[in-house]
Structure formats: structure tokens, C-alpha cells
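Residue numbering begins at 1 within each chain, and the chains themselves are lettered A, B, C and D in the order written.
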Amino acid sequence: MSPRHAACDVIPHPRAEVASGQQSLRDRYQGVRAATLELCRPLATEDYVIQTMTDVSPTKWHLAHTTWFFETFVLVPALDDYRPFHEQYRYLFNSYYNAVGPQFIRANRGVLSRPTVAEIREYRAHVDMQMDRLFETRPERCAEHHDVIEIGLHHEQQHQELVLTDIKHVFSQNPLLPAYHERALGSGSAAELQWHTRDEGVYRIGASPSGFSYDNERQRHRVFLDAFALASRLVTNAEYLEFVRDGGYSRPALWLSDGWNEVQRSGWTAPLYWFERDGCWSEFTLSGPEALRPELPVTHVSYFEADAYARWRGQRLPTEAEWEVFAADSPIAGNFVESGRFHPQAAGSATDAVGSPQQLYGDVWEWTASAYLPYPGYSPPTGALGEYNGKFMSNQMVLRGGSCATPRDHVRATYRNFFYPTARWQFSGIRLAAGV
Amino acid sequence: MSPRHAACDVIPHPRAEVASGQQSLRDRYQGVRAATLELCRPLATEDYVIQTMTDVSPTKWHLAHTTWFFETFVLVPALDDYRPFHEQYRYLFNSYYNAVGPQFIRANRGVLSRPTVAEIREYRAHVDMQMDRLFETRPERCAEHHDVIEIGLHHEQQHQELVLTDIKHVFSQNPLLPAYHERALGSGSAAELQWHTRDEGVYRIGASPSGFSYDNERQRHRVFLDAFALASRLVTNAEYLEFVRDGGYSRPALWLSDGWNEVQRSGWTAPLYWFERDGCWSEFTLSGPEALRPELPVTHVSYFEADAYARWRGQRLPTEAEWEVFAADSPIAGNFVESGRFHPQAAGSATDAVGSPQQLYGDVWEWTASAYLPYPGYSPPTGALGEYNGKFMSNQMVLRGGSCATPRDHVRATYRNFFYPTARWQFSGIRLAAGV
Amino acid sequence: MSPRHAACDVIPHPRAEVASGQQSLRDRYQGVRAATLELCRPLATEDYVIQTMTDVSPTKWHLAHTTWFFETFVLVPALDDYRPFHEQYRYLFNSYYNAVGPQFIRANRGVLSRPTVAEIREYRAHVDMQMDRLFETRPERCAEHHDVIEIGLHHEQQHQELVLTDIKHVFSQNPLLPAYHERALGSGSAAELQWHTRDEGVYRIGASPSGFSYDNERQRHRVFLDAFALASRLVTNAEYLEFVRDGGYSRPALWLSDGWNEVQRSGWTAPLYWFERDGCWSEFTLSGPEALRPELPVTHVSYFEADAYARWRGQRLPTEAEWEVFAADSPIAGNFVESGRFHPQAAGSATDAVGSPQQLYGDVWEWTASAYLPYPGYSPPTGALGEYNGKFMSNQMVLRGGSCATPRDHVRATYRNFFYPTARWQFSGIRLAAGV
Amino acid sequence: MSPRHAACDVIPHPRAEVASGQQSLRDRYQGVRAATLELCRPLATEDYVIQTMTDVSPTKWHLAHTTWFFETFVLVPALDDYRPFHEQYRYLFNSYYNAVGPQFIRANRGVLSRPTVAEIREYRAHVDMQMDRLFETRPERCAEHHDVIEIGLHHEQQHQELVLTDIKHVFSQNPLLPAYHERALGSGSAAELQWHTRDEGVYRIGASPSGFSYDNERQRHRVFLDAFALASRLVTNAEYLEFVRDGGYSRPALWLSDGWNEVQRSGWTAPLYWFERDGCWSEFTLSGPEALRPELPVTHVSYFEADAYARWRGQRLPTEAEWEVFAADSPIAGNFVESGRFHPQAAGSATDAVGSPQQLYGDVWEWTASAYLPYPGYSPPTGALGEYNGKFMSNQMVLRGGSCATPRDHVRATYRNFFYPTARWQFSGIRLAAGV
């Protein structure tokens, strides 16, 4: 590391230390960018091109879009002499930033054979080189744009997760059922379900000003909670299978009305990647099709399924505030993308669960009963990055805790993920809650 | 009133007095049922048949469905010898109660010429006669089913509102633009906008066990609110027109993402019934097309429009808790269906607004920033009536306060109405809120 | 009849005698117009309003549109002082004449409660009175517009057929399955199937200049035909049922590709109005549901079904030229609308079939293997009436011979009806042909 | 060439000599197969994967499907020991042969990243090797299956054309507008339009039994034609531009009704690949975007546009019989795929047009006024190959003469191509006809 580069990070910045820990921003940039490419290593060129539904983007689009983010929001404003790599990329790789300009139609991302994967790798290399020039030669500009670079890295980590969940969907739609990697799912048995309680009272949730957080986690505020209980671990495949076998998917009384409509419209009879042959259930994983393991957490369920399951059990989903109250007291540890499993694993023995719920972080995103709405006093940043989170605050539900496809340093207790209640292609699962 | 009839109501029931005031339940039944027919008086036979979109039902369907409700949930269980009027009505006029059985497809209600209006009026007369027999001869059964009858009356009042809003939509789609009635819109000017504030603290909202309420208003519970301010009156046409003229419908930065998609998909450029010719704006009303009155409250806007308008003003919509805190202190008075106006009217002079906001009740339903979700400890009733409210608790937003099409004794401070954020055919409008 | 009225028809016109036989045009006008109303007699007001699919128009729309035709194409040009009955009817009741102006969206005809049935009857009375004034006072104008009046009467007869087939569809979509009239279907057995042949050679088909014909029947021209055979009668329900029971609807090899797609898309398993309960087949008729009569001609089949049936039998459908060669030699007699049956009847005993096929006219329209295309030298009339037939000459198939809903004096050997190959709501059936 | 191989072709077969000229079937097989790969040479791996609309297939699908054809219809029946290359290819690469089994959904061909291009090339190599084994070692089997091999080669030639037209569509949907190859369009001017006439009479059309033909060209039969005239050359861009500039796309009177609906639904304002900037027209070609050349034949027009253009000129399209009468007298020469232009070229000077129309073959497929229907006495082959042509005989129009993407030895005077009247992505153009 050169002295000039180091210069960048000695510029004092209140958030820098917290956000990047011991690592310099430059190191962190290089690490995150390399990790994205690493996830693509098992793919054939053809795999990078496919879009199986509007929610899914081709892998090469992810590679380009995350690069476009740094080009557009960092290099262009920070380097006076910076010339965009290609004039049409501004349009092609803009996801949804109206303030930047028009966007290529999302549903059509899979019709673009060009730029090729090789060209997009060149684009990445070009931007990385320029970012490096910025880190090395312009510490003051680097400091000015520190927060946006930080957002860009978190943004890229979100897309790392999508690279995995999107390619899983792509492979699942192919009758050949290709595997992304060869890996055993692991074994074990799930700990017994227990309940952890909290008393009624006024609690504080949301991100404090120090440390990195997205705008939607702020501001920290008070909420009143009635006394409640949270399950000690995630719902397992075995437990969910009981629901399936009890006719869960054919009893409208268990479902929200919109959920029941979706069950009928889409013909849902089980979680997204489950399939049944001769009475035996399997699930499609990133290692290909596998016999359903009873002890593993159920995943790839929609909010509507999570809600119906909870109702069938006579319980409910936690609110995001209830979840956060427990998570704030728990260390950020679990089965993250770094494990290389790319699949949730069984809750360990009860011993490590003394005092606090297991699996709060990693494994699967946990659907909450909370609609994704602004916190009191919320205001988005000005400019294009104001479109990052705020404009999606309708019709979506909050999920918490990260998944087996999430980088460990990407999540925190206050992190709010959000998806439509019909979405199933993420590693999304269920933790129960109840009144006391 | 016969002594036998009176007998029904002397059975002591804790809620009866509160719910029906001085009126006996039998009187109230007759009053509500007659009011429905009274609203149909201006209609031609052909008008009863039309369905212009899935949300809209033909008038004769409303007449039959509300009757079906009493037949299914009161007469069949309460009168052992009761025989349904027509065996297929159970299917034809079931709206969405899966527990009762399958339902005729909602979107196809407008393809049914039979039963004719005359036949449906016979159906009503038959059920009314049987209900009267119940009131008169079976006081004990009447008492047992008191709560369901009460719900049936509130249910019918909801459909009275729909009779008006649905026929308004029907007429609006006809190039002849027929008028439902001939009536001047009234005149006046809107009071100046002021702000009413409340301090931060723990408040109680939701319905107490005494008095009639729907399940979704219960249970009464505590919420923590930051200090906030509520506008003294509704947003006017003049104020909303400023938003329109400022390019409100062509600036994505003002909209939630789903709202902006809807603007583009549906080509929205103004509230539902506004239209512009040569720079002059008019709106279609139940009295036919009228020049837009600047002082009247804007109505027939979606949640997305309400939200965009508030953002453009630099403010926001109130949460339902904020709204209820004020409404709980205000008398239930305003421009309701009984006024016969069937259109919102201008906020009066400021004098009557001393100390509390105007127009909290009546005029237009007020969109809140709250998603329609269960209150803490919510549990729906068992049986088919459990489907009345609870199963709609996703993807919808709460509206408060009733409208010019709502019967006065139908609303209360805790009343939670709910519609999808794209819905515009109700008398829905905007009240602003802000932090302090 | 007044002398002045008579005057109108003494104006010599080459076609008048042929077209209207002994009847004056005025008499014929009155007869046709009265017949339309007569067909509406069994209907309730609500029945006039319904549109169950885009192809179907509400009865009151037919009443108004046929009136609009005379107003627009006769009264306005012929009477200098004529003022249209209502300024918006030009728009509301224009079916598809772009030369007249824009049209109210066809698929939305069922959302119009107004004008009411009573108002449309007034409109008819007004136009009839004005037509009568024309007949009586302006013989020269009457003569000038003779051909258009004649077209208007044939046009109205086409809509008489639609009044019946459309209301049949409306009633069929109602779970109450209302009957249009009470009438037994008749009895009997179908004559044995025989074959009539013709030698190869050059034949002439198409309408000669004398007598009324539509533009699409002209000009008369030569075609070369290989030797062929035509079945002596229509395919019966019994015969078609064999096809159904032989798995006809589940064997793609029997179907044209587009037909097979439609079978799957629409879930066809039998003709439109057939339904099966416990192995017994019934069909919905204008007299309500009836047990399927084996001897009656199959009806309400699409071209794709007719074609698949013929393929299954190892035969084919006739071309329109083949059909016309036989029909030109047959008297125009059969089961027409005047019978009041409104349903096809069985082919009589073989005795009346000596020398020529039975049921060529009436009973059901017979699908031919001919696409609806212009005859050699075809040119449509100038002006709006050029849109009557010519612009539909793509994607449709020709049907011949009229049906049980067709007025007897409406059809002729050269008459070309046309529908999309998926259409089933007309009285359409099957006659087989074969090479020899 | 080995003696054994030669043995295959000495088996006397009446059609062999005509179909393949001097070339042995084995040579022809190798030539056709190599030509397909040659057309793919300019493509990047990513280009092989894309499907931009249901009509378009990914290039790699074409490579696999044509191989599947030989595997399924030749190798499996002809070689007892043949084992399919991959068990799921039977399903994945079956286009529409219900007799072979179910097919992967056509509209989803673009979601398959696997098998990769390399794997499909292996598949081709495997099948080619096995075919070579068949040619070399099993002359008698080879002879038995001669006709199917011949069909397989013609089939592959059809897909060669689709490789070009599909990739053109793929590139056209990409804002980067990639070029397939770099090549000047050529220059010149179009010959003056003249008319060639024929007298009325009975003509023979259709394929005679000798020589290769598809089933749909048979049997040869007589038709009566009125006297007619055929234009000496194709309609040019300059001529078509007059139609565009005369408001052709906004005048419903010029269009068939279904065509006008399509104009409005799809927003057509010019041929498929034309675009206009600042009043200048360009067209997208396989060499990328180019300024519109006035002298070149107009291409990528639908039947509806061809028909509307002809109507606007006061003329009409020829019937397929009229076209064939002239084509039967013309040598099969023109601008075919072998020219490497992949774009139509201008009609040469009038000198080469003495006595017969120019451009009958090659350049663009010529829309005829004839619906695609069976010829008299038509019967498809038994078995799966009966699905090749016959089942498409509804809703499509006949095109004649081949295009600049057609191999020269693939077309003939009797060749009947067919597409839906809305199709525009083929090299389809216009020749005028008229009565005399």
C-alpha cells in the first residue's frame, strides 16, 4: 500500500473507523469488488446473460450496474477529468434512478447479449483503476465522497446476494437443473424450540448516528411494545412440511386474502424450490436438487406463506421492533456468505442459545409483520441517492437479519431489508412470535 | 311498535344501549334497510346492472348481498324453519366468505341480468319480513344474534356508501355523463390552514370493549408518538391544483416507486374525476360535471397521490394513531350522507376550528401513512365473520373519518377503513401532518 | 297506404322488384323494423344491458345501432332538414365506421346504462317516423337512396340474428340459466348420410348484378373445381359425440396448430353450450338447458372444431365454391328464424333429399374450408359503406347457408358470412365434403 | 470419399438426382451442416442465448434443434444401436412435434443458459459423426430414409434463414445496435416499374411428383385465373416512403380492420427496422444502422402493410397462383444468402427484365393475397413429419420466392412459405399486381 493511498484514510471522518473497522476504505473497496467476481467463478459465459423473471437480473448486469454506481456517484463528481467508459452505459446500467436519467426497461435486461461478459469485465477493471487513482491521488476528494463510497460498497454487497439468488432462479428454470457448486448441505438436527420473552415498555430502535447505516434505519426512535415472546430458532423444513401435509395450501381460512389469491393464481403448493415425486420431497439448491432435510430452516417462502404458517400454528410473525430488541443484544454471528455453504444450516444445540435466540443473523432473512414504512422523522438524502431506499416504502414487508448469501459485515441489528409479500426467490424464512 | 317487538330489545345486552342509542334494534334495522332503498330512488332499472371495474358492484348486487348477509348469518342460524329464498343466492351473493362456500366471480357481477331488480326487491322484502318475525317472536334468539345483526347493519351502511361511489363510477364512464341527482355544490371559501400540535408521549388508541366496534379496531393499546402537528382542515382543490400545475404528475422524485409506476401505467394526470378543457378544470360529481370549485376539499385521490402531494408540500400524511388522538377529542359531526349533498363541502370559517381540527369526520376519508395491519393482540372472530376484516391486512392503507357518503352513526374515532394505495373511486382526500 | 307513399316505389329501379318481391320498400322497412322489436318481447329490461364478451353486444345497443344506420346513411343525406335525435349517438352507436368518425370502445358497450331501453325505443320511433316521412313525401330521394335502405334492412336482419345469439350467450353465463322462451325442441330422427357428387370443371360462383347482394358476393367469376362430393345433411350431435368420446379434444394430431392452442388456452372439451353431468350430456338452448338430442345438428362449434371433426372422420370441409355449386340448384327453404324454434332441427327423412343435399339453408351456418378473401375484381363501394364487408377480409373463414336465427329472405346461394375460426357463439355447424 | 459411402448414393432413387443435382446426399449433408456453422462465425457466445420475442429462437437453439431433427427422425429409426446424445434433448429441442412428445415452452427458450454453446457444438459433432457412419456403413438404411434426410436438409436451410433474421431482431433490440458483419449495402438505382400480363385461363400450379418438394406444394392442380398483370420488380423504399409520408399509417381506410388494430396496438409508423431522426430515415441492417437507400426493396413489412400499400396505390397483391405462373417460367436466380449481402439489393437495369419480372427469387419474400390453405387433394404424411406443414394451415398468408437470407437451392417456383399477417421480422416485401 502506497503512502499516498494511506493519505486518503488519515483524513479524519467520524464514521470511517466504525464502518470499516481496521481496514482502510481502499482495502475494503478492493475486497468487496474482488468478492463479487469470486462469486461468478463457477459460471459459464452463457449463465451471465439470463433473466428468468423481472425480479431477476443477469449476472453480467449486476457486474456492470455495481460498477456504474461507482462511476456515476463517485468518479464523475470526484474526478474532473473522468470520462465515462461508454456513453450508453449510463442508460443501460441505471437501475431505477430517475434523477440520473431514463433507464433501460428492467424486464428486458435479458435481451442484451452485448456488452459481452469480457467487455463488462473491462469496464470493471477500468473503474477499479480509476477508483484506485482516486484513493491514491486525491485524498481530499476521497474524504468528501467517503459516505457515497461506503454506500457503494454496501450496495455491491446487496448485489452479491442477488448474484446468488438470481442464478439460483435461473438454474431452477432449466430442466437440466444445473448446480452452481458441488457441496454437501451439512447435517445435524435442529435444537428444540423455546421462547424468549420481553416485558412491555418503551424501547428504542433504529440506527444511531455513529457507524454506517442506510437512511431507512434512521432515526433512532422510541416505540411502545406490549410484552411478547420470540422463538429461539427458525422454523424448520420438518415443521413446515406438517403445514403442507395438513392442507395448508388449500385452506383459505389460513391465508390473507391477497395471499390466497396468489396461491390460486400461481398454483403454489409448497415453498419455491420444493418439488415432490412419489411422496418424497426434494428442494433445488445451489448444489442442485437435494432430498429435503427436515432439520434445515425452511427457506424461499413468501410473506404470505410465513404469515399463513404462523396462523396455522396459532402464533404470529414478530414485528420488526420486537425482532430488533432481541437482535440488539446478540452478537452478529451466523451462517453468512463467507461460509461458502450458500444454504441455511440447522440451528445448533440448545447450549449456544442460552439467554438469547439462535439464528437471528444469517441463514435466512426473517419476514416480520411490519410493513416497510418510514421511521418517525425520516427524510431521504437529497439527490439521486435519495431514491435508494425511500421510494419503495409502500406495499412491501420488512425482513431482518441477513441470510446465507449475505456478507457478514453487511448486516446489523437495525438493518431493514424489504420485499413484496409475494417474493420467494430470496433466502427468506420464518421465525415465530407470540404475545405473553 | 308492537309489545312483542319491544320484547326483543328488553333482553338486557351490554352493548345494545350504546350501539343503538335510544333506538331499538328493530327500529334501527328498519331504518338502515329503508335508507338503502332510498339511495336507489333516482336510478333507472338499467343503472342497477352495471359493473365498470372489478372494484365496482352493480347496485342490485349491493341490494342482494346485504340481504344475503342477514339471511346467511342471522336467519339461517336463528330460525330453525327458515328456508333460503333461492338456493343459488348463497353462491351468487356471497362476496368473499370462503367459510360459507364458493363465490360467483367478482369481476363478472355485471354479466347477470337476472335476478331482476324486481326479484331482488322481493328478496329484500322476504328477508325483512322474516327478520321482523325474528324480532317479534323470538326475542331470545334475537338477543343471541344481537352482535351479528349489529354487524349486518354496519355492513349495510358500508354498502350504502358503495352504492353511491359505485354508481358515480358507472355514470362517469358513460359519455352522456348522467347526473344521479340535481343539486348545487354549495359555495363558500375554505378557512385558512392552521396547525394543531400534540406532545410526544405514550397514547392509547383503538376501541374499548364497550360500544360497537369492528374487530380490527380492537384491542385498545398504547403507542409511543413523537411530537407532531395536524392540519386544521383538508387539502382543497385550489391547493391540489397548484401541485398539478407545478408538474406534480410528471416528476418522479415526488412519488413512491409503485405510485410512479401507476401514474405511468394508468396515465394519471389529475384526481379521478377531474377533466380539463381549454385550460379550465371541471370535475364529475353525482350532480354531473361541474366547474372545479377551488374551496372544496380535493377528493378521489389515491394514497399515492396524497403521499406525493404531501411530499411536494414538504410535509407528510398523519399516521392513524396521530389522527385518532385528535379525533378522540372531537365530536362526530360533519358533512355525512344525511346532508344529501353527496359531495364534500368547504371547511367553514376558522371560528369553529378553535382548539381542534375541522372536517375530521365526514366530507372525505383521509388517507393515513399507516399500513392496514393488526393491532397488538388482534384476533378475528371464529367462523365466517372472521373473514370480515382480518384477511385484508396486507397491501392496504388505513383511511379515517368517514365521508360525505357515510352515514353519521357509522363512524367513530377508532374506525379503520382501508383501501389499496391505488384506489381512487371512494371519496378519499388529504389532511397534512408534520413533525414539530 | 297513402298514394304519396306508393309514389316512392313506382320510381323504376332495376333491383327493387327482385329484392323486395311483391312488397314495397316501405312495407319491407316496417316489417323488418317490427320484427326486431318482436324478438325483444321476451326480455326483461335488465337483459338489454349486458355484454358478456367483446363479440356480444347488449340488446339495446343492437336496437340503437340499426337505427343509427338509417339515421346516418339515409336520413342525414336524404333529408336536408333532418336533425339527429341526439348528438352523441353518432359516437355511441357507430360500430366500426371510421369514415363516420370515432367509435365508443366496443368492449365497453356493457357499461352504458343510459340511454335507457325506453329512450332507445323513442329513438327508434323517431327514426321510423322520419323514414316514413321520407317514403311518403320524397319519392325521388327515396329512390336515390334505395340501395342504402336495402342494405340497411339486410343489416338489421343480421342484427336480428345477433340479438338471438348474443342473448343466448348472456343467459348462458348466468348460473340461473334463464330461458328466452319456452318451447320443445321437436323430435324426429336424422336421415341417413349420403353423398352428392359433382364433376371437375370450371364453374361460376358469386352474385350476378341483378338482385340484392352484398359487395363481397361480387363479382361473379369462374373457378376450376376438381370432382368432389358433398354430404347430404349436417353432422348430428350423435356423430359429434363420437368424436368427443374418442378423445377428440385431447389428440393434437386432429387439430390445426392454432386450433390446438385454443383448445388448451380455453379448455374446450365440447361445443360451446354442451355440458356434462354424470356422463349425460346436455346443451344450453334458448329454451334453457336440455338433454342433448342425438338427431339434432351439432351447433356452436368453431371452425377449428369443424375442421378437427372432419379430419377425424377422414374427410374435410367443403370450399365455399363447392357449397355454392350445390346451393345454387336448391330452393331457399329450411328452418329459419320465422319458425320460432331458434334451434336447429333434425334432417327430415331421405325422401325430400332426392337429388340434392338437405339443410343447405337454415338450421346452422356451415363452416367452409375457404378463407374470407376478395373475389377477383372485388372493389368495395366508396364512402363509409365501403367498410361494411371488405375490411374484414383477413383471418376469418367463410360460412354459408344461414341458420335457425336468420330471416328467410336474408340469405341466398351466394351469401358469404364470415367469422374468426375460434368463434362459437353463432349457430355454426358442420357439413362434410370429400374428394371423389 | 470411400466406396461404401458412394454406395449409399448409387441406390437408385427417383428424387435423388433432381434434388441434389450432381452432389451426393452425403456431400450435401456436410455442406448444409457446415453452412449453418459458418453463419454463426461472427457471433459472440452471449449472442447465441437471446430470445427477444416468442417468434425468435436463440441461435444455439437453432443449432441444437436442427441436429435433434436428424437424431430423432433419422438416427434413432435408422441405427438400431443409436443412443441419444442426452436424454433431455428430446424434450428441450423438440419444436412442435406432438407426436414425438411434449415440448419445452417456446416462449422460454431464452432462459436456458445450459447446454452451453460448446456442449451444443459437441452435440452437432456427435450427430454428424453418426450420420457419416450411416452414410458410410448402411447404404440400404440410408436409402430408406433418403426422403427424411432430404427434408432434414431443407429444414436446416430454413433455420439458416432464421439464424439471420432472429439475430437481426436480437441486435435490433439492443440500444448498442451491434452489427452482425461489416458490409456496404451496395448501390445502384431501381429499374422503372413495368407490368407483365397473362391471359385468363386454366393454369396448373403446385409441385409435380418428381424432384423434392414439401407436402404443402402438392398436389399439382388446375386453377382458373382471370387475366392479370404483375409488376416487373419489387416495391422500393422510395415508393414505400411516399406511402408513409402520405399518412399511410394514420388512415384507417387503407387498412384491413385487423391490420388497423395492429397499427394502433403496436404503434406501427413504418417498417420494422426503420427509424427516423430529424426527418431522415434510417434502417437497421445486419451491418448496423444505415441511411435509408431509396432504390432498395422495402423489407420487414407485414402482410397488413403490404396490403395497405397496394390499396393506397390502387392496386393489389398477387395471388400465389398468379405469382407461380410467372415464376415457373423464370430461372431461379437472384440475391440469395450465398451473396453474403444479407440484405435485398436494387432491381437491376431494365435490360435483364425483358419478357419476365425481375427479383422473383431472392431479395425478399413476397406477400401474396392468398391464405395458406391446403391444395385440392392435399394430405400430410403419416407420423410426426405430418406436423411439418399441414397443421399451420389457418390464419397465415403465403409468401413466395425466397429472400437474401435463403439458400439458393432451397427455393423453387412452387415453394410456399407462410407467416401470420402481422409478422415483420422476416425479409418480407411487396410486389404489386392488378387486373387487366
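Keep this in mind: contacts are C-beta pairs under 8 Å (C-beta built on N, C-alpha and C of every residue); 3 or more make two chains touch, one makes a residue touch a chain.
Just so it is clear, the structure is predicted and the values come from calculations on it, not from any experiment.
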Chains touching both subunit C and subunit D: none
Most widely separated chain from subunit C, with each centre as the mean of CA atoms: A
Which listed pair, A-D, A-B or B-C, duplicates the contacts of C-D in over half of its pairs: A-B
Euclidean distance of C-alpha centroids - subunit B vs subunit C, Å: 48
Averaged-CA centre spacing for the pair subunit D and subunit B, given as whole angstrom: 61
Separation of subunit A from subunit B, taking each centre as the mean of its C-alpha atoms, in whole Å: 39
For subunit B, residues that touch 2 or more chains besides their own: none
Residue ranges of subunit A in contact with subunit B within the complex: 96, 98-99, 202, 221-224, 226, 252-253, 255-260, 303-304, 307, 369-371, 373-374, 376-377, 386-387, 391-395, 397, 421, 435
Complex interface listing, subunit C residues touching subunit B: 44-52, 60, 88, 91-92, 104, 108, 110-117, 170, 173-176, 178
